[in-house]
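Presented below are the structures under discussion, each in the form of structure tokens.
In what comes next, subunit A is part of two complexes: it sits with subunit B in the first one and with subunit C in the second one.
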Partner chain A sequence: MSATLAKGINSFKDVIDAPIASFFSSCVHCGLCAEACLFYTETGDAKYTPIHKLEPLRRVWQQEYTLLGKLGKALGLSKPITDEELAEWEPLVYDSCTMCGRCAMVCPVGNDLTYMIRKMREGMSASGHAPADLVGATTRAVNLGSPMGIKWPAVLAQIKHVQDETGIEVPVEKSGVDYLVLMSSMEIINFPEYLSALSRIFKQAGVSWTLAQDAFEATNSGIQIGASDLAREIVSRIVIAAERLKVKCVISPECGHAFTALRWEGPNLMGKAYTFDVKHILEVLDELRSAGKLKTNGKDKRPLTYHDPCQIARRGGVIEQPRHILGDIAADFREMPDAGKMNWCCGGGGGVSANSRAEPLRLEVFKHKKGQIEATGVKTLVTACANCRIVMEESLEHYHMKVEVIGLTELLAEYLVEDKAL
Partner chain B sequence: MKQANQQDSQLGTVGEGLEQRGVTRRDFLKFCTAITAMLALPPSMVEVMAAAISKAKRQSVIWLSFQECTGCTESITRSHSPTLENLIFDLISLDYHHTLQAASAEAAELSRTQSMKENEGKYLLIVDGSIPMGNPGYSTIAGMSNYDMLVETAKGAAAIVAVGTCATYGGIPKADPNPTGAVSVGDIIKDKPIINVPGCPPIPVVMTGVLAHFLTFGNIPELDNLGRPKSFYGETIHDRCYRRPFYDQGKFAQTFDDEAARKGWCLFKLGCKGPVTYNACATTKWNDGTSFPIQSGHGCIGCSEPNFWDAGPLYQALSMPASATTAMLGGAAAGAVITWHNRSIKSAAKAAHSKVTVQELTREEK
Partner chain C sequence: MNHLDLLTFARGTALNWALVIFVLGITLRLFEIFGLGRKADLAKPRSNSCGNGWRTMFTRSLPPEGMLKREPVTYIAGYIFHVGLLAVIFLFAPHIEFFRSFFGFGWASLPSALVDALVVASILALGVLLAHRLNNPVKRMLSGFGDYLAWAATLLPLLTGYMAYHHLMFEYTLMLALHIFSVELLLVLLPFTKLFHTFSVFISRWYNGDIFGRKGVAS
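Let's turn to the complex of A and B:
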């Protein structure tokens, strides 16, 4: 079995639904989406205009689903989609789109371009035009359980480390608890602070939670590469574990697309409603805070700014919660321009950071964020997505900027009032 | 406000009122000159108009608002204050106006009936909004249906000014399928002179111009076959459009973002309705003469023409058939066939979809 052009085109036909047809037919070619796109504003290259990235999909829509297009196709007036064309578009669809959704916010006719890119990637991957690195990551996610090839023993090692450090037991495979906690590979390998911070916070808040052996990984490469069949398989592991452990809520970790995959795409991929809630960790922390279960002491004196991860803020609606938390623990919080739902992407979302071919472009477009960070004058950048974090750490390093990037959960844990008697 | 107006109307003329407000003779003459020019009257009429307006008694005006969005009122009251137009507007006696009057409930209705009694046969009636002929409950004022209030108030009016496309032609409320059975003022009132001032909203200065004409000559300006003052609606937007030379040279913008659009070429192919729209936008412009839609890069939508909302897509060029019944029927039939065909394409694609495995993410030959 192999990817073929025919499969790809069939997939394009399959994914074009009423929203996509109406989006294409209502586009007025105003070009506002270009100005909203990091890849256009930082390079000035018109090929990065978001709607242009969808051109092959638009042609399929026109040729297959519109009267004039069908006539043109029958009369041989419009050229069919070719492999060469898809190969040309591959970097546009995968390397220069982080699915950040900023273009969809400014579209005067309300076209959700992110949704269209997500659907277009279905045909790109089915025709063998997905970046090799994403294919690798997806293969590892499906075959090994995690895009970075991490298996349960690695998580166990981290659990042991966290238990030694905090003296708090990390619950595993506990049934009937309130929360199932997930992590992203990045947190397991690069940011073990997350699990440690969470253990301490949940102990103080008296929250019952667990990790699951067969569902510790929150990320979903199937979403990034655009293969719903694989995305379904990956998300189903979490759904099965959550149902088996009868948890009330699954917590999506500090990871952007994992939240999108689990919270918004998951039920549609599974074809049924969840029996549990899905919340982002910041939502859970803010709820605990409002309920008075989370006490902090003191404030961070360093000037801080907060980078909104696109999938959590713009696509996920979690905007106020981090600001509530930072209001408690930051003495000098400085907002970047366009913060919140119109934030600028770190440049590495939507699979771009997993795609080594895209690295030079990603570093180029980071200049926008770089400028924003410099304008605030902070040396400490807080965020709530491990992917944004690693992308920004690498980019800051590249530009020789001495700015530290930290996760909000671990920052909160630093100011947690801990009752040792508990 | 009403009390003050009554006192003014008893105490003095418009000229005295202007003087009290610090409007100089020079400013006043400038205003009269502008209005005279706009009404296409000979220059000798400036003096006549100045004399007539300054001596005129404050004109009693009753303003009724029916099925409307208040855009007309917004347009007129917020014109570009403070200008002479506004002052003139202040110096009529606006005895009843939902949005602007201070009085409410019974006191408000009382001011209408009182003014009707005191100025019988002399007051000017301004109407904005269409009148629902379906269920009267779609729009009532003080428990009274729009139809009843219009008929009652029109009876003693000297003339009626229908303001905005809703009052003049039914406007957006009348757009297909016209759920409220909306009709225009002219559809109901047949025995009074009616001046139609269409536009969505109409240009403020057109309104003040019509009022000035009425104050000067005591009659209504010359109207065209659709009841519009010829001086403002005599020519199309296209006739007076500054982009007209591009049209004549065949230079058209093809999309809103092409080089031609940036150069300011004609927007005809992007659906501009300027050639069939009679209005003064291209000459008087909006917001203190700042700009008008075509100048800011968008075609005219023809908002001052009857049934503009149902006259075909806004972005379709005029030369294409827009609303022919046969085309519509043919389109509906073709649409049904296409829908059926499209569905079969999509379901075939769905059926042809084989579950993607990780092996299938790459080509074998790769």
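Let's turn to the complex of A and C:
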């Protein structure tokens, strides 16, 4: 056995806990998880059945943590895990799972397969079976500060651009403010409208906030690739900055997995509870709205629909907030089938969009979203995740669909009542 | 050994051993699960109630929206089989008499004719589920020896019970002994096959409800 394989198998052993043991114990091989997975429903290929993607992890559980499995192993009856097998499983674990969590909502015995995939990726990356693109993104995130290699000067350039455009100062390194604002690389490069919208909204709402020079990036490829040590390194920058600046709350941007990384995994990666709150931007906006600090005027006449980013909705609990906001500013809001906690993924979450090898498959499985959008008949698609946004923009273009994708924060800013005297 | 001796053995020594293996097996498997432990979640939950787990334990018995349409065979045959099997085990008068002799108390039974119909329905449902397992590419890929063994071990008590009740094939005493042996086989296999989901389903559903509930989502 190679050293990396041994490392991977040890990592599999480490991640198996009581929930995972109960999940594998309960599986009756009914195959219903496949019906919830867009990689199966759109391709019809049985290998994309979610529980099948976990087969190597299941065998480690059985061989190491059950009496019969241990007996079988001792007698040489069990099939050992090999490098070849893990290499075969790599595309199943990374390219064809966006960790969207739909299967976990459907499994009749209650298996949280996403929880298991997340853990399994620890062993896959430890054994050297993570996609090269994700390895590159994670290395850049650790060494340069962002998976896309963006450094502070790029953010500074955007700040200058936003200040020139809005005439509002973008606060940097302000201590004792309410909110520390983070962005995703995608927003810095492709969607500068996010920072601009936020500046205007926060000015009107009288919110004190800041950006931090050493913690502007919210994304965390460590949790996508499954390397907890690197994920901890990346999240610790935010924790250190939030503590240094003594903010009350850190705002996770319009990015799905960044919210999962920071809100749900972060304290566990750090090994301690936070001294500050973490909220998704939509939660903050809805709170400001409820407190009467956010006034809007007029409604968007275009028929539009909202795509629930999986990590924000199903795996994040932010479902009602975008609908409250859209209720204020959209005249013709139409829900997609299965909207909310049973939404269908854009196909690019969980590191899939960062993995170029997965692109043809990702475009193929977008057919589901395509059908959903067509069912609503809209030409405007609103979402709250920069990754979903870029994935859907690319996919819509691939299918020659004339549908515009916009972020909810910037849409809200368009209808903001601005008191120029402020 | 005549039929009566065989029945006495089935009801006595064999049953005792089967129950010992069953109870020890279940205990072992539960230890195997809970012994692995679970790290405390340090993220501030939206809802920190263990009620999330308890709720999912029950709500997960219903198909999520849209799923019944996608996989009607699995759901419908699955319901018929599970409801039928549970009713037959716990609501058939002779079984209740057995439990009374064991626990010292009993409960109301269903009319035998109804139980009889449920047995037939369950057997048919099992047949449909096997055919589906062999034909559906996903199920076929997932299935191994354990799945077919579990299927057969579940069918046998239903089949032998039905045959004993209707005095089919063998003389009643022998058939009843075979019926009890088949139940003992099921008891012995249950902890060590996927049939263990009878118990672990409540644990896995609880964890699922808890994990989602902490994030503010009812799963």
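Note that in this section the second predicted complex is superposed on the first by the 419 of 422 C-alpha atoms of A that agree within 3 Å, B and C clash if a C-alpha of one lies under 4 Å from a C-alpha of the other, contacts with A are read in each partner's own complex, and residues count from 1 in each chain.
Please note the rule applied: a contact is a pair of C-beta atoms (placed from the backbone, for glycine too) under 8 Å apart; a residue touches a chain by one contact, two chains touch by 3 or more.
Model, not experiment: these values are computed from the prediction.
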Partners on subunit A (subunit B, subunit C) - clash or fit: clash
Which superposed partner A:C30 touches (first subunit B, second subunit C, both, neither): both
Partner chain in contact with A:T4 - subunit B first, subunit C second, else both or neither: first
Contacts of A:L67 with subunit B and subunit C, given as first, second, both or neither: both
Contacts of A:G317 with subunit B and subunit C, given as first, second, both or neither: second
Which of subunit B and subunit C A:M342 touches, first, second, both or neither: second
Partner chain in contact with A:I16 - subunit B first, subunit C second, else both or neither: both
Partner, of subunit C and subunit B, that touches more residues belonging to subunit A: C
Partner chain in contact with A:V135 - subunit B first, subunit C second, else both or neither: first
Subunit B and subunit C contact sites that coincide on subunit A, given as residue numbers: 16-17, 28-31, 65-67
Residue numbers on subunit C that touch subunit A, as the complex places them: 28-29, 32-39, 41-44, 46, 56-57, 60-61, 63-67, 70-71, 74, 78, 136-143, 147, 192, 194, 196-197, 200-201, 203-209, 211-212, 214-219
Parts of subunit B lying in touch with subunit A, wherever the complex brings them together: 255-257, 315, 334, 338, 341-342, 345-346, 348-350, 352-366
Touching residues (chain side subunit A, partner subunit C) in the complex: 16-23, 25-32, 34-36, 40, 46-47, 49, 51-52, 65-68, 104-112, 115, 263-268, 270-274, 277, 313-319, 337-338, 341-342
Footprint of subunit B on subunit A - complex, ascending: 1-4, 7, 10-11, 13-14, 16-17, 28-31, 64-67, 70, 125-126, 128, 130, 132, 135, 138-139, 142-143, 225, 227-230
